[in-house]
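Per-chain numbering from 1; labels A, B, C, D and E assigned in written order.
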């Protein structure tokens, strides 16, 4: 009974946060409410037995997206106020659409089709890892994950096409020392998450996101001057995830017998997955950090 | 398995290496682009000989793994994507000295090719979502190449594209809720005609039509394609817009239950009618040459959607052939148009259509390329457009659709109007706009190549139709 | 069972709120946030679908979790790209 | 209801009271400094009480974990409170148009 | 005839003007000698090949070039008697017009572009004549539009651009209607070769309505180029083009393409039996008759020479349509022979009009007073052409009108003879005053823009020879009509060999 109460309160909170963020007059309120909404979403995932997602949502959804929004917000400061748009037409239309969605969502059969998850459980032993989500991500649907890494890289390439100067404050001694204190812990935590990914909720994305937040904190306090696209090492690491994935895929093709793309042999599966995941974590961490932190002002983004 | 994998991973690997060593980007790019062509041709021949092939990535069996399928149509689309990729990069290479594109063009155009190839091959609903998203973001990144004037259109394009992908994802989620399967061939025929599937399919169609710039949802396309650099808008109009159309075709011909087909046919037909008419009228009225060509994309997509609508309604082989011939001939013709207009606009320094005056004297080759490609857009024999329109006419006569014949006549006249609006202006000898410098001949020849290819497409119609497995 | 339908309803309403924000929001930043809210709504729907087997005693559907994770990463990269574009749009002199 | 459970429920109630006080302070206080004060002090204490209350009912490993969490929250709470205070102090010292942050220091 | 030439002769005839044309495009403006030689080489080559084919066809050989084009419809170049009639006409007149054009555009700009499109135009016309089935006919019909458009807008002035837009609007919609008709017929009866007596007879019982729709679409599509009444608007406007263009194209190539198409459709696609049983002939009859009278009527009101000749073309071409619509053998002979005669006569008139404009700057009829003395040879040619058009015996026009009259009587449509007489009168009304002005008009003002092209001759020899040559042709065709060589006997051969009449 207590859980139901928790659910009701959580859902109500989620909806009010989202509604307030959308309808608030000032943009600052919208962004802060949105970040709170992100944190609550992480809580919702935890409640719905999706620990992987809770980790990812907390690190990526609330953390990095929030940081990104605040950098964008800084530029809105001088912007002229927008006229207050009229509300009733969108309200009426959206109400109708959401009523329709609500009705169709309740048509969803309560009885789940468990054929796919049984197939996953059945093949888990052969997949080289014991945690089903990591198995699906890095073995059964590895092609999706590769493309998704590509999407992330692409966001970085796109963002580099439109470099805009980030107003960097000189670090204040307290925040500098705090960042120095936090970063080893974050590093340790992300390494742990990466390692545990094989057997328990964790893996490349959550570890990458944590590492990225560590890098971002350090960079915002002027620690990591080398963190830029021009630096060859950084560039290699950013591309390492994809290169590892593609190389592993091609290697799987060369192996005798099973000439199929992205199929890890059973014996080596665990090793390959761990290798690919480590490179992916580094790639994700650096990409997200570069996305949030952006380019140092002086060099024009030509390469 | 080898050709399919290489067709996807070669451009991807090339892009990654280019990002690592930007100085050697062009050499690597042309090596890969040229290498891909024989690969795509051999893959096409292999499929025509040994019939349809399919693979399950990771060797995990149909339910669990992502399915890649390669039939006649897919290999044809793969080949066209590779040829246009090679052609456009040759064009960019040839104008490199005069108005160079930023160095990021090379890796991005490779990623565009990789995501397109992945989209053509994949038959998994969620994988198609990721490919669509990837395609949209590469396209937006390419649009921003032309500097700050393309920012607002690029951002609008990105937001529309994201919203469309989310609608599509919601549709996929609802279908997965009902059947727990993500594989299209496995879902074929299983969907019942209940409310949930109706909403799911509507959402997916809405998302895909928004991404394919079908008429009522096409607002982002003219601004984005007009502000992008000419070679980029050639790639966008010729290929990127066709990806979602391919998925729409997959959904409605294999997945959708029979009860929904008439309603969907009605929706698509009215969208097509709007696209043909309003796209044509807008193309006639716009003062800018590149947005004229962009609006013509919207109008020409109307033809393909009309053919798709009639596939759903009557399922005649003529309509299937008509749809894919429209897509292929439009890809080639639109690439030629954009390259020719880009060349004209750059040499004559003209954004307005009026300044193309006397272009047939100052830039005869580029104007000839535009005229020939325009001929295919109108559907003059012996071009590819004619072949597609011929198939569509046979289908319409066979199904006694007299109203749609009239609509097709009006649409063809509209397209003739906006093509010849430019061509007639080119013959004006009153005061031809002198080019700023002696025009380069190579880019004009490259613009002429696809135009001539599409001009004689009707001659080799028989191999094309056997490939599409439709006999008229 | 009731909490399952409760989360489904929240997901649907989140979609509604998100699309309201997308349509009405005058500033582009708010529209980007709205897109994220819609994405969150869809992921909420998918995760509550994944939660359905838990009601019948089996573990949650891990394929859906993987899909949502991929969706999350795609959403954050799209948002990052959109915000970079927005930043440049606002930074350059009109 | 053993003594232990009674104490933990008591501590949890006390923690919630401190949280409520903190949030009330956030809403009611006039200027930013006192609001910062209320939020940081009251919530950290409330969290501490909740952590202790819960650790009484749980295994020692979760207890250590919650303790670590409490330490980190306290640390980050303090640092961010200092930063916000410094920022708002500078705001009042030279109320400059926030549009061009370049002029900060 | 070896098998090789049977296969490739038609293709060679089409290429003999296509290849020089494409080469001329690449030439620079100042390469005059090369361009002229290429042009004349193409003309002579084509005449030789046409002569060879003429002998072959007379001997009954079957020339056919087949290329896979659309599924179920090949691209066929088949030389039968009817197509040879049109090929001979256009090649001979192309020779005359090329010489005339070289003289006419002596030092005007963009000649490479002009002659390039000029040769493309002729190859499209010849292709259209040789087309073996409806789809190939449609292909060359549209290529003809694309090749003629740049010639219409060659001068690049605002009027010529407006004329070009109007020309495109008409011809493209005509082409589209034709495409609709052809696709419908392809659906109903596939696209077999043109067979004497038509290939839609078996469908008569079941698909009567659709056949009528197809017939209407085909005739409407062809009517645009054949300048039938509602669709004739583009022709007078197109007179703004240079003289050689309006001479060869708007008097011969384009206009005849439409008429030739109607002949093909009525005789080789539908066949007399189907057309009469679906009673499709009489609307065509009325339309043609009305166009004849309407064309002549409008010609009366025109003050510009070329506009008047344009309207006279509109009415003259409808004679052919009329002859075809009568569905009688004699009328068919009359129509076919008129196709040749009208072509030669009209080209002479346009040559003369061009001479007047080029040498003396005369554009209006009232400026023609007393030009006979200044340019006697051109005026004689003009007079003879005019007489031919009216149908006075020595010139060829009389023969075609005679046969058309016989045809009308044969098919018991006496009211048509009234139409012929009336139109003959109208012709006289708008031609004779011009002739009178030329010879007996008092010259009261100086020539608008006189130029001396050559000492001995009245104008440049290249402008003078073609009209004289075609004038002689008119006379020869008129006087020696019954000889074996004349177009009349060839038309009789066509009608007897290819059009089956079950009277």
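Keep this in mind: a contact is a pair of C-beta atoms (placed from the backbone, for glycine too) under 8 Å apart; a residue touches a chain by one contact, two chains touch by 3 or more.
Just so we're clear, the structure is a prediction, and the values are computed from it rather than from any experiment.
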If we look at chain A and chain C, which chains touch each of them? B
Consider the contact graph minus chain B; what connected groups of chains does it contain? A, C, D | E
So the chain most remote from chain A by C-alpha centre is E
Give me the ID of the chain with the smallest distance between its Cα centroid and the all-protein Cα centroid. B
More contacting C-beta pairs: A-D or A-B? The answer is A-B
If you take the mean of the Cα atoms for each chain, which one ends up farthest from chain B? D
Would you kindly tell me how far, in whole Å, the mean C-alpha position of chain B lies from that of chain A? 32
Averaging only over C-alpha atoms, locate the centres of chain B and chain E and give their separation in whole Å. 43
With chain centres defined as C-alpha means, what is the inter-centre distance between chain B and chain D in Å? 56
Which whole number of Å gives the spacing of the CA centres of chain C and chain D? 29
Give the residues of chain A touching no fewer than two other chains, as numbers and ranges. 101, 108, 112, 114, 116, 120, 140-141, 144, 148, 151, 154-155, 158, 162
For chain C, write out the residues touching at least two other chains, lowest number first. 15, 32, 45, 49, 67, 70, 74, 77-78, 81, 85-86, 88, 92
Please list, in label order, each pair of chains that touches. A-B, A-C, A-D, B-C, B-E
Spell out the part of chain D that touches chain A in their complex, as residue ranges. 72, 75-76, 79, 82-83, 86, 97-102, 104-105
Residues of chain E touching chain B in the complex: 67-72, 75, 109-110, 113, 135, 138-139, 142-143, 146, 150, 153-158, 161, 164-165, 168-169, 172-173, 175-177, 179-180, 183-184, 186-187
Parts of chain A lying in touch with chain D, wherever the complex brings them together: 74, 77-78, 167, 169-170, 172, 174-175, 178, 181-182, 185
Chain C touches which residues of chain B in the complex? 126, 130, 133, 137, 140-141, 144, 148, 151-152, 154-155, 158-159, 162-163, 166, 169-170, 173, 176-177
Using the touch definition up top, name the residues of chain A that touch chain C in the complex. 3-4, 7-8, 11, 14-15, 18-19, 21-23, 27, 30-31, 34, 37-38, 41, 44-45, 48-50, 52-53, 56-57, 60-61, 64-65, 68-69, 71-73, 75-76, 79, 82-85, 87, 90-91, 93-95, 97-98, 101-102, 105-106, 108, 110, 112, 114, 116-117, 120, 132-133, 135-137, 140-141, 144-145, 148, 151-152, 154-156, 158-159, 162-165, 205, 284, 288, 291-292, 294
